[in-house]
Structure formats: C-alpha cells, structure tokens
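The structures come next, written out as structure tokens.
Two complexes follow with subunit A in common, the first pairing it with subunit B and the second with subunit C.
What follows is the complex of A and B.
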C-alpha cells in the first residue's frame, strides 16, 4: 500500500518527545521529520484516500472532512501542549520524508520569527449572534403571503395590499434597526477585546446552515492572547456578554494559533503579487490587527 | 489519562469553528509537486460554496472593502 506523509505542524527542533499513543488522521502513529532547521510533525496516510484524486472527492464529503479536521486538530493540540507549534493548513501532503524536508527547506527564518511571535500565546475565538427574530423566523426568502399558513403565528392580517406593504416595510425596518444595533455592539465588543489581544483576525461570519446556530453571526473574530492573560480576557468576554442584551456572545478556545500563522510568518505583509497561495489565503477573513 | 481539569480543551469543538481555522488559517506550505493541485487552494475552492455562499450576504460592516 502506498503511503503519503500528512504534515500537521512545524515545531522547534529538539523538543520533548511526542506522546507515544498519538495517532494521526488515518490512525497511524505520529512522528517527526527534521529539515530546514525545524521539525515537522507527520504521519503516514494511505494514498488511496489522500492522493490528489480521492482527496478531491473526499473533501466534498462532510463526514470525511470532519474526521480529517478533528484528527488534524487532535495532533496539533497534542503538539501545541509541548511547546510552541505552527499548525499547518488542512491536507498538507508530501510523497515521502524527502518531500517533507524539501518543503521545509528555505523557510527557517519565517518559522523562527513565527515561533517568537506565537510562543506562550493562544488563540481565542469570540462570536456574536443576534438572537433570532421572534416575528417571522422564516423571514426573507420568498415568503409569499398567500400560502397555506399552516400554524404559523401570523401577525395581524393585513386588510389591504397597501397595509401588507406597510407591514412588510415596518418589519424590514425593525430588522434593519436591530441588525444595525447588533453591528454597533459587535464593534464595541471587538474594539475592547482588541486592546486585550496582541493581534486580531476577523473570520467570515458563519453560515447558519453549517453552524446550525440560531440568529445572525455578526462577529466571528480570533484574538491572540498571552497565556497569562487568558483569565482576564475570558472574564472580560463574560462581562461583555452579560452587557449585550439581545445578543449572544460565544467564547471558544484555547486554540493553537491557526488564525495567526500568516501574520506571524510574515505571509500577510508580502501582500503584493509574489506567491499566489499566500496572497489568496487572507481573503477569507480580513486581518484587523493594527486598526482601532 | 489526563488528570488536569481543562473543560474547554475536552469539550468537542464545533466543526464550523474548526473549519474556519483549518481552511482559512494555518501555515500554507506547498507539498510535493505532484500534489500541488490538491493543496489548500483546492480545499478552499471545493468548500467555498458550502461554507461561504450565504456569508457573502452578510459581510461584517467594518471589514475593509471587498477587493
């Protein structure tokens, strides 16, 4: 059976040994490969599942993707518990150990810089959701008035077409108002948390279909926080959560610093035209580091 | 066998939070040439529809303008 090497993270060389029972995304033991002055954390994975073509298909399968993502995360967490670790993006693969070494070569400076920036810090996630609109939860999408109206708590039935339009407009306006209020609050929370963090990254608001969360996601941010400041940071999030009536504030973490590797390795600053992949990456979530 | 109480670390995180980080974060390194097409950009493209189709309707108000 042909195997490939799945690479989870890059760590400083000569660190403590990995836990012997640690298993990778496909259940095989996790090991290390030294190269380019750093150490990669890797495990073998079967080519029939991870090679280009099967991978392409597997990534479309949410169950497969979830197993892979959780397996990746488990290894990264275990490694990050031992010392500073740079998590790699999902599905970074090489043919063999030689390929891993080739991949690591030449990036020593970037990695060393990132180790310095991220050591002793964790990532914390903060999300803010509006509480679901009690009037007309189904809102928006093609809600025709006629319909069968089975059991829906229909608000006062419009007497005329003009009433109907007026009602709709009022409803839309109140939704816009609450949406604006939510944005104002989200911004206030974010501005405050920025002062407690060393760096910040805004992720795309989450898709409710994927998250299953009620309400609209108005803030999806990551904060890089020194480990000894985690307590005060979490406490402040808790206070802000209590103050934000009508909004739901969620804290996740501590995470390995996934959201800050581009910033820490300097990939964000290059900006311009150079390497395509590095330039394209931040598009999904604008960095808001130094603003505010 | 962990003895230290770390409630957050042991609670299963939401897949969507994980994907935010694993697909838009993490160091991007180019693996072997033969696999380059299966690198991150492919992941991003294939999942793009699922993960951000609705998101584009509700951009954060203070994000710098869309390029």
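What follows is the complex of A and C.
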C-alpha cells in the first residue's frame, strides 16, 4: 500500500515531543520531519484515499470532509498546545519525507517571522447572532435565516386586507429595528475587543444552514490574543454578551492562529480586515486594523 | 478520532461547530504547495452546500441543515414554498386594491391613478418592498420583449 505524507503544521525545531497517542487523519501515528530550518508535523496517509483523484472525490463527501477537518484540527490543537505552531491548510500532501523537506526548503525566513509574531498568542473567535424572530417564518421574505424552527403556527389571522397589511408592516418595522440594533451592537462589541487583541480578522458571516445556528450571524471575527490576556478577554466577551439583549454572543477558542498565518508569514500585507469584510459588519471592517 | 487530548486546545477538535472548523482549515492556515495539488477554493463554504446533497440528506437534516428546501431547483418543498409566497404576494395585492377601492369614494382627491395601487405599499420604510416588486418588473419586461 502506497502512503503519502500529510502535513498538519510547521513548528520550531527541537520542541517538546508530541503526545504518543496522537493520531492523524487516517489513524496513523503523527511524527515530525525536519527541513528548511523548521519542523513539519506529519502522518502517513493511504494514497488510495488521499492521492489527487480520490482526494478530489472524497472532498465532495461532507462526512469524509468533516472527519478529515476534525482530524486535522485535532492534531493542530495538540501541537499548538505545546508551543507556537503554524497550522497548514487542510490536505497539504507530499509523496514522501523528501517531498516534505523540499516543500519546507526556502521558507525559513517567513516561518521564523511568523513564529515571532504568533508565539504565546491564541486565536479566539467571536460570533454575534440575532435571536431568531419568534414571529419569523410567517413572513413572505422566505430567505431569512430562520434556523430550523420552520413550520410554526401562523400569527392570528388578519380580519381584513388592511389589517393584514398593517400586521406585515409592523412586523417588518420591528425586524428592521432589530437588525439596526444588531449592527450597532456588533460594531460596539468589535470596537471594544479590538482594543484587547493584537490583531483582528473579520470573517464572512456564517451560513446558518451550514452552521445550524439560529438567528442571523452579524459578526464573525477572529482576535489574536496574548495567552496571559485570554482570561480578561473572555471575561470581557462575557460582560458584553450579558449587555447585548436580544443578541447571542458566542466565544470559541483557543484556536491555533489559523486566521493570522497569512499576515504573519507576510503572504498578506498589513493586518487589516482580511478576507471577510463583506457582509453584515461593514463598518466594523473599516476599523478592524491591527493595533500591535 | 482518538481520546480527547490534554491541554487548553483539546475542546475545539472534538466538539467545535463544523462551520467554525471548515472556515479555518479550508480557508485559512498556511498555504504551501505540496506534491498533491488540489484547489481547495473549489470547495469553499458556499459550494459545500451543493455537496450536502450528494452526501447524506438525513445527516444534514440532523445537523439542522435544510437549505435546499428553499432552493427551487432542488426540491419540491421549495415549489410549495414558492406557491405560498406567490399566494402571499397576491393577498397583499388584494389588500392594496381593497384600500384603494375604499379610498376612491371617500374623497375627491383620492388616489385614482392606476399606479396608486402601489401607494399603500410605498408609504412605509419597507425593506422587503424592492424584492416584492421584482416579479412585477420581470413581467413588464417579458411583455415588452414578447
């Protein structure tokens, strides 16, 4: 059986040993390959699953993709817990260890730069959702991210066409008010968290149908926070969450610094808004620059 | 895949929201060209939706994913919804016409112009208005073309 090498992350050479029980995306033990002045965290994977052709097919299978993504993430987690780690994108694959060394060669400088920027810091994700509209679903808009609770009973039947119009208009007004309020709060929360983070990235709002989350995602941001500031950061998020009536604030992390690798390795200029300034938090995007 | 790992990072691999993970592992992280070249941009989050169909619909539904039911191209459920929406548009139209009819005998300066049927709809700040008028515009366009 031919095997390929799956590469999860790049770390500094000479770090602490990986946990012995750590398994890769296909269940094989995880090891390291040194090259180009850094260390790659790798595991063997069967070619019949991961070579170009089967991989392309497998990526189309959400169950397979989920297993792979969680497996990748789990190894990256374990490695990041040991020291600064640069997570690689899913499905970075070489034919053999020689290929891994070739791949790493010549990138020492940008990796070293990234280690310096990211060491001792974690990524935290903060998302804000509107609470789903209890009267939602009955509206004609149809496209609202109403979550899974469709098919609820309709509100009281209007007596006349005029009543009907009035109901619809009141309903829309309240929805409009609530999205304006959500937007204001999203900016406020983000503006505040930016001051507690070294760098920030705004991601595109998540698709409710993929995340399964109820309500509309109005802020999806990542913050790079020094590890010794994680407590205060999380506490502040908690306070802001309590203040934001009608909105749901979600904190995730700590993550390996996925959202900041492009910036830290110099693949991307500056520390601005990143890829996701579009969507529901445009103004937050304008002020999202890093504070460093 | 294995037992939960120790350390502050242990949680995210096991229990984190799939969307949170995919957003990171597919779209962020260091991009470095290995020997196997696959363009992961091909499977960005939006297109993953399409692949859900190919995967398991039941699994997706368990996860609360049912977006395809809104997509006319993919589901008969969506057809029903389309009908329901059209129904609703028609009801609004009837309501507007009712108002207009009541308004005409009431006052001399009443909105007697044909376009006035839309007047009540234009009176509020109505974010859905544009969308709702869209089908009418399309029809006009078709008539012109036809």
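Keep this in mind: the second predicted complex is superposed on the first by the 236 of 292 C-alpha atoms of A that agree within 3 Å, B and C clash if a C-alpha of one lies under 4 Å from a C-alpha of the other, contacts with A are read in each partner's own complex, and residues count from 1 in each chain.
One rule holds for everything that comes next: a residue touches a chain if its C-beta (ideal position, glycine included) is under 8 Å from a C-beta of that chain, and two chains touch if they have at least 3 such contacts.
Computed from a predicted structure; not experimentally measured.
Aligning the shared subunit A places subunit B and subunit C in steric conflict. Within the superposed three-chain model, A:103 lies in touch with subunit B and with subunit C [touch as defined at top].
Judged by the touch definition given at the top, the superposed model places A:265 against both subunit B and subunit C.
Of the two partner chains placed by the overlay, only subunit C lies in contact with A:61; subunit B stays clear of it. By the touch criterion stated above, A:243 is placed in contact with neither subunit B nor subunit C. In the superposed model, A:219 makes contact with subunit B only, not with subunit C.
Shared-chain residue A:80: touches subunit C; no touch with subunit B. After overlaying the two complexes on the shared chain, residue contacts for A:93 are found with subunit B and with subunit C alike.
When both complexes are overlaid on chain A, the residue A:48 reaches neither subunit B nor subunit C.
By the touch criterion defined above, A:177 lies against neither subunit B nor subunit C after alignment on the C-alpha atoms of chain A. Annotation: subunit A residues 4, 7, 10, 51-52, 55-56, 59-60, 62, 65-66, 69-70, 72-73, 77, 86-95, 99, 103-104, 107, 114, 125, 203-204, 206-207, 209-211, 252-255, 258-259, 261-262, 265, 267 touch subunit B in one complex and subunit C in the other.
By the touch rule above, subunit B contacts subunit A in their complex via residues 8-9, 13-32, 34-35, 37-44, 46-47, 50-55, 58-64, 67.
Interface residues of subunit A facing subunit B in the complex, by the touch rule stated above, are 4, 7, 10, 51-52, 55-56, 59-60, 62, 65-66, 69-70, 72-73, 77, 86-95, 99, 102-104, 107, 114, 123, 125, 127, 183, 186-187, 201-211, 216-220, 222, 252-255, 258-262, 265, 267, 276-278, 280-281, 283-286, 288.
Note for the complex: subunit A touches subunit C at residues 4, 7, 10, 19, 21-23, 25, 27, 50-52, 55-56, 59-63, 65-67, 69-74, 76-78, 80-82, 86-95, 99-100, 103-104, 107, 114, 122, 125, 139-143, 147-148, 150, 160-162, 164-165, 168-169, 172-173, 175-176, 203-204, 206-207, 209-213, 252-256, 258-259, 261-262, 265, 267, 275.
Against subunit A, the residues of subunit C that register as touching in their complex are 1-3, 5-10, 12-14, 16-38, 40, 42-43, 45-46, 48-49, 51-52, 54-56, 59-60, 63-67, 70, 81, 85, 88-89, 91-92, 94-99, 120, 124-128, 131-132.
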